[in-house]
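In what follows, chain A forms one complex with chain B and a second complex with chain C.
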Partner chain A sequence: MTTGAWWGVLPAAGVLLGVALAAAALAGLLDPAGGSTLARRAGRPVWETARLLRQRRRGVVAADTLLWRLGLAGPLVVALLMVVVVPLGDRVAADLPVGVVWFNAMDVLLWAAVWLAGWGSNSAYGLVGGYRFLAQALGYELPLMFALTAPAVAAGSLRIADVVAAQRELWFVVWMPVAFLVFLGAVLAFSMSGPFAYPDGRDVAGGVLTEPSGVDRLILLAGRYALLAAGAATAVALFLGGGSGPLLPAWLWSLVKTLAVVAALVALRGRVPVLRADRVMRVAWLGALPATLAQVLAVAMLAVGRG
Partner chain B sequence: MAVVAFVVLAFVAVASGVAVFTVDSMARATFALALSFVAVGGELLLLDLGYLGVVTVLMMVMEMALMAVFMVMFMMNPAGLMPMSMLHNRRGSLAVSVGVFVVLAAGSVFVPWPTRRGEPPADPTRALGEAIMGSKMLVMMAVSAVLFATMVAALVLATARGRYDRADSPERP
Partner chain C sequence: MGLTGELLARWAARRPHLLVAAAPGASAARLAVEAQADRAGWPLAAAPADADVLVVAGDPGPELSAAIERVWDQFPGPRARVRVVDPADVASGLAAAVARLTGTAGERPDPGPDGAQLDGGSGRHGHGDHGGMSMPGGLMMAERAEDRDGLKLDALHLALGPVLADWPAGLVVELAVQGDVVQSASARVLPPADPAAVRPYPDVDHPGLRRRRQAVAHLDSLSRLWAVVGWPAGAATARRLRDALVDDVPLAAAYAGFRPLDRRARRSHALRRATDGLGVLSAVTAVRAGVEIPATACGDATARWRRRLAETDRLLSGGEPDTSPEPDAVAVRELAAHLMVGLDLAAARVVLASFDPDPDELVAARMRS
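Our next item is the complex of A and B:
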């Protein structure tokens, strides 16, 4: 694993935004309301970006502009900070010894960011959306933490490069499928999509998406797709063997796998109903939490057994 | 470079700590405190305590987000439209805080610091854990598992019916 100079973060950011754009294009393709022809639908993120860039910002009386803008930029910034520790092939922008915990800390930053995005707008719907995200986060965070623990325990290291290297013989998805599925669920949850599109739900007029307009809205929407992309890239590194694969170079394998995971997540998220926060809690704490604990136990015993 | 980072982070930590008491909104006070803790986490990273630094950021941001919820819930005026003062018991708190600051600052200046013996360990986080917990590590690990199980069990018992008392609840009278 090689770490470049500080500008190594620029390709990482470029790849992240590219994958996020691909995810948005696929989401446009899959949405019949997006346009009459396939080309129109696939180009939807581009048209939408152009429209939002030209749109004038709508103001709200007595909005806390500082906190609001911080919250709106939060998801995109968090996604960029997440991929800093995720290797693309055998290159990584920052090879932190505690990369797994770093990823976890960054996703916790979303608790603050989304709440601020709701609170700062001084709108009842926005605030309800912010609270909904916290309620949902309480549900998904602990299963996510244990799902992250499993690959770290198996590799005996918190460095993501070591986790990738430990999968040379067998991808972790094979012997920790529960952790993999819970992780993907958590990615959908922290990017507020699919069954977890509750903080930005249509029943509260868009929740945290109610008030942001123009470039603010663009940043928030881009941040949601970037979070999906960052989560998928991390899933590839932690469970799907990173850049390992025949024939193609490692970075291309990482990219292909990431795009495949993103495509699966985007395809899935339009097909499941939104869950209320108390139902998320039920699924997460009565189902996913014991399952991931059992998974970590099994992985730990296997890891000890192998020595 | 490390010195510059230390000074900047220390300044951010202290300045946002001051901001907690000077801003007029509950949300701003909460997240100023969170920023202060994040800067402290950065200082820990500078000490090569990577795990502790990142975990500090993780725990503190989570804590402050939940604290914001409870503060807004229990305050009559959460200070959105109506600004409010964040200060209570001005004189008493001023005396206590100045006293604590003087004691701590005097301690850091007058204590004879030991000179370094040997090299810093390869893994400072492990060394710190050994130094603090040492022989109690096994007990702490066992207690943490029991505490966690207790918390989950208590929550499951307390919210078995949930807020909405749904038709698919397991036990209905």
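Our next item is the complex of A and C:
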């Protein structure tokens, strides 16, 4: 594994935004209500970006503008910080010895960011959206932590590069499928999409998306797709063997797998109704949490047995 | 405008977002607007911050007009507005509005409200007339009140509607919420300019058209409910079917399209989990609320959307249009508001959408009495 100079962060950011763009284009393509021709649908991120760049930013009476804007930029920044520790093939921007914990810590930053994006706008619907994210986070965070624990235990290291290396013989998705599925669910949850599009629900006029317009809105929407991309890239490194694969170079395998995971997540969104906070708690704490705990136990016993 | 500006405007024009503000009695115009938006691939915005074009469907009365003006003031700009009354004018009206938005109509687009940084309202659609201390910005502080657990919590007055996505035209539900739990709810409809002229959408003499329009109304209600529940795929399919029926496709073709949707909805556990046990209406509840119970509205939200599916199935497979007297619209509205109390905002909206009180019917009922 090679770590580049500080500017190694730039390609990572570029790849992240590229994958996020691809996710947005696919979302447009799959949406039958997006227009009559394929080009028109797939071009959605371009049209939307142009529209939002042209639109004026608006303010709200007595909004806490500083904290609001910090919150709006939060998801995009968090996504960038997440991928910094995720290897693309055999290159990684920052090879932290505690990469798995770093990823989790960044995810927890989102609690503050989305809450501020809702609260800072001084709007009842925004506030409800912020609350909703916290309620949802309470549900998905513990299962996510344990799902992250499983690959770390199996690899005996918190360094993501070590986790990738430990999958040389067998991808972790094969012997920890529950952790993999819970992780993907958590990715949908922290990117506020699909069954977890609750903090930005249409029933509260967009929730955290009620008030921002123009560039503010663009940053938040881009952040959501970037989180989806960052989550998918991490899933590839932790469960799908990272850059391992025949013929193609390692970085290309990482990219292909990441795009495949993103495509699966995007295709799933919108097919499943949104889970309200009370239902999320039931699913997360009575279903996902015991299942991931059992998964970690099984993985730990196997790891000890091997030795 | 520079070259970049022109390019941005051209790209932006591919996907303008519409905010539809409909007056009661203008169902036909609203349906035409939504169908045209779907054909052109233009999304319907959930809030003014997300919208470029304000579409006023029908002829709103003074109070509804004032509310629409407040919403218009919250458009970030560039913005355009258009009013449509006749469904036949919808396509040209919307196209002209989009041309004004991008400046291709030869005039400069409306840049947005002056000093767009302030919008001067407490909620987006609030009718802030509550006593109490005021804050900088002219906003009211929330008052404190006892909550259901005997705690003293801030009570916020929040008005849902009259301009809200997936919401009955002109309906306003005034809520007092603590956290996001509804403590009290009262509903009313802001009438159109000429309430005497309002005829409910399915209320036509020709039986074939009546059958078709009843099915359209059911599918419209279902699409709204599913959008509120957060099932965009189901909502979009129901809306497509609805638009096809308005467009006079043969009933058999509509039925063939309806069957898979019906199956998918009935088989979806996730959908049932989202609506089960919400807004359970029993005879006891109705008596306590002091209203006469319409038999078709019993059970929970799931039972109500299943009944709508069954009724749509019956109509589309050639059944006779429903000639039983309409349930008392005012009673339905009161019950829906009553059942919202004690639920969180999300569940309360599902309950209201499961009843989906028809504002045309409400206005007509008021004129009769």
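We take it that the second predicted complex is superposed on the first by the 307 of 307 C-alpha atoms of A that agree within 3 Å, B and C clash if a C-alpha of one lies under 4 Å from a C-alpha of the other, contacts with A are read in each partner's own complex, and residues count from 1 in each chain.
Quick note on the criterion: a residue touches a chain if its C-beta (ideal position, glycine included) is under 8 Å from a C-beta of that chain, and two chains touch if they have at least 3 such contacts.
Bear in mind that the values here come from a model prediction, so they are computed numbers and not experimental data.
Colleague: Answer with first, second, both or neither: which of chain B and chain C does A:N104 touch in the superposed model?
Modeller: first
Colleague: Just checking: does A:L116 make contact with chain B only, chain C only, both, or neither of them? Give me first, second, both or neither.
Modeller: Once the two structures are laid over each other on A, A:L116 reaches chain B alone.
Colleague: Just to be sure I read the superposition right, which of the two partners does A:G35 touch: chain B = first, chain C = second, or both, or neither?
Modeller: second
Colleague: Just chain B (first), just chain C (second), both, or neither: which does A:A50 touch?
Modeller: second
Colleague: Which partner does A:A62 contact after superposing on A: first (chain B), second (chain C), both, neither?
Modeller: Both partners, chain B and chain C.
Colleague: Of chain B and chain C, which one touches more of chain A's residues?
Modeller: Higher number of touched chain A residues: C.
Colleague: What is the contact status of A:Y131 with respect to chain B (first) and chain C (second): first, second, both, or neither?
Modeller: both
Colleague: If you stack the two complexes on chain A, which partner ends up touching A:W285: first (chain B), second (chain C), both, or neither?
Modeller: first
Colleague: Which residues form the common part of the chain A surface touched by chain B and by chain C?
Modeller: The answer is residues 62, 122, 131, 278 of chain A.
Colleague: Quick check: in the complex, which residue numbers of chain B touch chain A?
Modeller: Per the touch definition, chain B meets chain A at residues 25, 27-28, 31, 34, 50-51, 54-55, 57-58, 61-62, 64-66, 68-69, 80-81, 152, 155-156, 159, 162-164.
Colleague: In the complex, go through chain A and note every residue touching chain B.
Modeller: 62, 64, 66-67, 70, 96-98, 101-102, 104-105, 108-109, 111-112, 115-116, 119-120, 122, 131, 134, 137, 141, 158, 278, 281-282, 285-286, 289
Colleague: Could you please specify the touching residues of chain C with respect to chain A in the complex?
Modeller: Residues of chain C touching chain A: 5, 7-12, 14-17, 38-41, 43, 46-47, 49-50, 52, 74, 76-78, 111-112, 116-124, 135-139, 156, 158, 164-166, 177, 179-180, 226-234, 236, 240, 268, 270-271, 273-274, 344-347, 349-350.
Colleague: What part of chain A is in contact with chain C in the complex they form?
Modeller: Residues of chain A touching chain C: 32-36, 40-41, 43-44, 46-48, 50-51, 53-62, 122-125, 128, 131-132, 195, 197-198, 201-206, 209-214, 217, 270-279.
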